[in-house]
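Consider the two complexes below, in which chain A is the common component and chain B and chain C are the respective partners.
Moving on to the complex of A and B:
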C-alpha cells in the first residue's frame, strides 16, 4: 500500500467517526424530544390494560376531554409565557378572578359574549400588571406573580364575601359545557397558537428573548412590548379556561383554579419544555405534558388510587423526567 | 537526566457531543522544557491541558506521569501527582478569603482532630504569596474585593503551593497585565532552573518566542507540528496554526484614505450618562472606515453605543444625514440600516443556545414576514445566504452557535446585520478573541464593505488593526478627541500611544 492509500484510509475512518458522533448526537436529541410522547403512550396503554379497557371507553374519553381541557387551553398561552422564561404562580388566582367577574356581569344581565370579553379584559389586565412589574420595576417574574396571586385571591374573596360563592346561571349557556364545543375551541386555539408560535415574529422574538434578552434588544426586538404580548396571550387563554370552568361547575368561588399553577408547571416540565425558555421551547411540549398529567390523574382515579398514590406517583415521575431529560450541568431547568 | 519525560499521553481523544475536540493526540513534556501550546481558538489546547490537570477525563487514550499510568479524577488528585494548572477564567471563589481559596480541597493539611488550624493556614498562605512575589495580597482578604489581576495571582499561588513538577498556564483567552506577566515569567524561569516542566498556552506569539524552548501546534484537535529551539519564530508559528501560508496582505494594502464627501452620520455634541464621553462630535462618510482608538476608559466604547441608540445621550444628538432623521433608539438605528456589533459577543451579540439561523435572522423578522407570517423557506434562504457569504464553518444553519469556535460565532454576529441589509456598521472590537485565519477574513470583509460604499465605525483596542484598516483614526482621551490621524504608511503605534496617554 502506498502512502496515498494509507492516508485515504485514515481519513475515511476519521470521517466515519465524525459521522458516527453526529448520528449519536442526533439520536440523543431525538430520544429527548420523543421521550414525553412515548411516556404518554406507555401510560395510556398501561391504564387501558389495568382497567381492562375502561380507560379508553367513550365515557372516560369524554371525562378526559373535560379534565384536560382547562389545562390544555392555558398551556397554549403558557407556551408563549414560558418561552421567555420565568415561572408564574398567579395563573390559578387570575382565572378565579376573571371567572368571578364574568359571572357577576352575566348574572347582572350582560350578554354572554360581552361578559366573556369582560373576563378577558380582567385577566389580561392582571397579567399586564405582572408584565409591568417585570419590565419596569425589574422584579423577578416569579415574585411579581406571587404578589399578583395574593391580590387576585383577595379580590375574589371580597367579591364573594357576602354569599361565600356566586352561582353561575348554567341553564342559559349550557351549550358551552359540551364536549364538541370544547374540542372545536381547543383545535382552533391550538391552530392559532401553533402559527403564532412558529411562523410569526411574535413567537420567534419571544424565543430570542428567552435565549438572551440583551442580544435580542440590540437586534431590534422590542423586549418590553413582546413581554407584554406574551402575558396578554396567556391572559386570554386564562379567561377562556375560566369561562369553561365556571360554566361546568356552576359556581365561582375562591377554590376555582386551585392546583392549576402546579399542574401547568408539571405539564410544562413533563412535556420537556425548558422553564428558562429559549430556542429549545417547542409549542407541542406543554400540550403533551398536559395530556400526561391528565391521563395520570384520571388513570390512577379509575384504579381507585386518586389520592392515596396519585400525588406520590406524580412527584416521583416529575423527578424521573427532570433528571433524565434536562442537561443538569447547564442549569437549563431553572436558571 | 535532563531529558526524562515528565508527562506524556498517547492517542488522547475527547468528544463533546458530536464535536471532536481532540483526535489521537500524542504529547510529551520533558524535564527542563517550557513547551508552548499554540493553535487557533477551538483547536483543543485548553481541552488537552485540562485533561492533564484532571479537570475533565479524556474520552479515550492513555496518559503517563513519570512512566506510570496517570488518570487523575479531579484537580486535587492531579496536583498531588505534581501537575498544577492556572486556568484561563478566574476559578476563584469570591465569597471566601485568599488563604481558603489557595488551599481549597486540601483543608485536611491543616486539620487537627477535625478542627481547622486557621492560624497555620494563614501563615502558610502568606509564605506562598511571598514566595511567588505577591506579598501585597493578604491571606485574610476576601477574594471578592480583589481585582481580576490579583484573583489570577491567587490562582497562581494555589497552583504553586504543592511545588508542582509540571505547571500548566492557560492564557488562551484572557491575558494578564504587566504585574501578573512578570510574575509568570519569573515562575517559568524558576521552574526551568529547577529542571521541571511548563506547558504554556498564550495568544501572544512574541511572548512564546521569548520563553519557550519547544512549541507544539494543534489544529482542529490534531497535533500538526512541533518547533524546537531556533525554529521557534513567530513567522514559523503563524502558518502552522492556520494551516496555509498567509500570503500577501493581512490588512488592506492600499494607503488611499479618501472616502466620499457624503456625510451619513453626523454626531453632534453628545455626552454619555456615565460621563466618559463629553461634548463629542464627529462625522462619518459613505465608504469610510473610521477607526476609534484609546485606552479602555477613554469613552470610545460609549460613543459606539450612543450612536446606535443603545445608551442614552445627555446632550447633543445623532443625525442620519441622508434623511435628516434623529437617532434616539435602537429601533431608529435599525430602521436606518445601522448595525452594531458588541464588544461582549457572548452576552450581547448572540444567543449561544440557539441555532445559527435563529441568530442570523434576529434583526430581520419584520423584513421577511409576509402578512405577518414567516415561512421556514424564507428563513432558510436568507440564513444560508449569509452562511455562504461569511463562509461560516458549520454542519448546517440548524447547528447551535454554542458549538462554534469564537471566530465563527463572530461571523454569525456579522451575519445578523448582513441579513438585515445594514449600510452602516458600528463594530466594537470586532476581532477580539478570534484567531488569525478568521481575522484575516474579517478584514477582507470590512474592506469589501468600504468598497461597496458602506460606512464603518471600527472601535478597537488593537493599534495594528486600527492603523492597518482605518481611513481616518480618531484617538480618544478622557472622553474627547485627542488626535485625528489620516491613513498613511507613516503612522506608527508609538505615535498613536502618545495621543492616548
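Moving on to the complex of A and C:
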C-alpha cells in the first residue's frame, strides 16, 4: 500500500473503508460476470458483420448447436466439479470409455436406454474412483485424474484392439443426432443443473468447499460425500456427452474425446468461472465460455482462417483471462 | 484492480484486432508447401471447355482437410491438388486439422460446406450424419474405403452426391507389404521379423499377408512378429530378445522410432530394415544413403488427384466413372524405394509440383475435355494408372521430365 493511500485511510472511519472494500468487490464481481457475456456478444456481432449475416443464418445456427452441444453438456456437470476446484484431466478419456462400452452394449442388442445407463454407470464409476483417491488417499485430484486418464485410454485401446474402432449402429438411433433432440436435452440439463447449483444445498455446499474446505467441514458439511456427488454429477453429464458424440461420429475409437479436457477448461475460464471454485462460481459462466469457444472456432472457420489460428487465439485468451482473474491470495492454481 | 482493468481492455482489443485482421481469405489458398518453389505452373488448356448448355466447365470450389502443410505428406497433397485445380480452373479450400478425432473431422466438413465448397475430398470421416448433412446441402464427396462402413453405406449408396470411395483393399496394401519385404530379402535378409498394427486393421492385415507371402516365395523365415500400436516398444522387445537371430525387419510403421530402436540396439549394421511408410520427408534420403533404411515406399500422394477428378466429373455434369453402388474406385498405389536417388525422384516428380500425372493424364478422365472416349475407356485408363506397369518411377520420371522440359 503506498504512502498516499495510507494517509488517505488514516482520515477515514472503519465503516467508510469497509464500504469502499465492498464496493470494489461488487464492481469486480460485476465486471467478471459481465465481461464474458460482453465478449460473446461482441464476437457474435463481429462475425455476423464480417460474414455478411451468414454467421446467424439458420444453417450455421444448427451447426453451432451441433458443435457446442457436447461441451455445453459436460460443462453443466463441470460447474459442480470446478466449484470445488477439481481440475480434471480425465474427462475426455472417460467419455471415450463410456461411449465405447455403450456402443458395445448397443451393438450386442442391448436396448438403447439400458446401453446408455451402462455408459452412465461406467462414467460415474470412473469419476468415483478419482473422488475416492482425492478423499481418502489424499492425492491431488489433478494427479489422480491423470492416472484415471491413462487407465481409461488403456481400456479403450483394449476394447478396440481387434478392429481399431467399433462402428455404432447409427441407423437404429439416428434420432439422437437430431437438432431438436439436442436442444431439448440441453435445455433440460441446464434447467436441472441450474436448480441444483443455485437452489439446493448441493450447490451451496460445493461452493463452500471450494472456498475453504476446512471451514466447510467445521460448519457441518460432509465434505467427502459432497465431493462424491460432484464427481457423480459430472460423470452423468460425461456419459450423456459420450452418447451424443458417438452417435454423431459413428464410431467409438481412441480419438473420441481428444482435446475435450482443454476445451472444457478453456470454456470454464473464458466464462469467468474461477478455477479454484468458491463463492464466486456462477453456473452460467461455463456455458458462456463454451459458447464463446464454439463461436470463435465456427466464426474463424467461416472467415476461411486456418484452424491453427483458433487454437492459438484460444490459448492466448486462456492465459490472459487466468492471469487477470486468478485469485493469487488462494495460492496454488491447481489443488 | 487497475492492472486487471487494463488487462481486460487489452484482451478485448486483442480479440477485436485479431478478428478484424482476419478480413479477406483470398490469396493463401492453394499456395503449396513451404518448400514449394512454385516454378512449374501448368499451362491451362488453350481453349475454354464448355458443357452441353454452353456453360464454361470449371470454377468449382473443392474442400480438403488434412494436417497442416508442415507435414510432408500434407505438403505433397497440397501440391497435387493445386496442380489439379490449376488445370481445371478450380479452387481448393484447405482446412488444417490438428487431430483426426471424429469431432474435428465433423467440424472440418461442416466448415468447408459453410464456406461454399461444391465438393469435399474425404480423407477421413465415418460419421453417417456427416454424409447425410452433405446430401442435404447438395455437396459432393469422394472418400476412402476406410470410411465406407455398413452404416455409411446405408446413407451414401444411391445418393447422387456420392462420387465413390477409393478402394484401399484392392490389393495395394498386400503388394506394398510384399514389395518391401521382398526388397530386403533380395538384399540379403533370410531371417526376418515383422511389425504391424493390431490384428483386425484391414490395411495392416493386408500388409502382413504381403510380408508373409514375400518370405514364403523368396525362401526367408519369419522368426518373430509384433502386432500393436507402440512400435518403439515393440521394436525394442524384438531386438532385445531376437535381435541377434534376425537379419531383416519390416514394419508397417510411421516415423523413425524403429530406426532409432535399431540404432540404440547397435544392430543397424546387421539388420536390413524396410518400412512401408517413409520415416520422414527430410531424413529418409539420409537413412537410405547410410543404410539405416533398406526399403520404403513413395508415390502415396497422387490418389488425391483421382478423388479430385471424381468430384470434378460429378460437379461439371460430365460422365461419371465407377458409378455403380458400391462405388469403389481402384486406387493409385505407392511404389518401393530402395535408394536415395529413387527417393529424390519420387519427391520431385511425384510429390513435387507435378503429381506424377501430367495434365493430359488427368483431363483424359473428364468427358468435357475428352469427349471422344467412352466411360468404359476412361475407367480402363484410370485403372491403368493404378497398375505397377504404369505407376513406377521408370515410367513416371521421364514423362514428367518431358512435360517440365527437363532433359
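The rule is simple: the second predicted complex is superposed on the first by the 292 of 335 C-alpha atoms of A that agree within 3 Å, B and C clash if a C-alpha of one lies under 4 Å from a C-alpha of the other, contacts with A are read in each partner's own complex, and residues count from 1 in each chain.
Rule of thumb we're sticking to: a residue touches a chain if its C-beta (ideal position, glycine included) is under 8 Å from a C-beta of that chain, and two chains touch if they have at least 3 such contacts.
Fair warning: this is a prediction, and the values are worked out from it, not measured in the lab.
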| item | value |
| --- | --- |
| Which of chain B and chain C A:163 touches, first, second, both or neither | second |
| First (chain B), second (chain C), both or neither touched by A:225 | neither |
| First, second, both or neither for A:18, with chain B first and chain C second | first |
| Which superposed partner A:200 touches (first chain B, second chain C, both, neither) | first |
| Chain B or chain C, by number of chain A residues touched | C |
| Shared contact residues on chain A - chain B and chain C | 24, 28 |
| Residues of chain C that touch chain A when the two form their complex | 1, 4-5, 7-8, 10-12, 14-16, 18-20, 22-23, 25, 29, 68, 93, 95-108, 110-111, 114-115, 126-130, 137, 149-152, 154, 197-201, 229 |
| Residue ranges of chain B touching chain A (in the complex, touch as defined) | 15, 17-20, 23, 308, 310, 330-331, 334, 340, 342, 347-355, 358, 361-363, 365-366, 369, 372-376, 395, 400, 416, 420 |
| Chain C-facing residues of chain A, complex | 24, 28, 31, 35, 38-39, 42-43, 46-47, 50, 54, 59-60, 63, 66-67, 70, 157, 161-165, 167-171, 174, 177, 245, 247-251, 253, 255-259, 297-308, 311, 313, 316-317, 320-321, 323-325 |
| Touching residues on chain A, where the partner in the complex is chain B | 14, 17-18, 21-22, 24-26, 28, 195, 199-201, 204-205, 207-208, 211-212, 214-222, 278-280 |
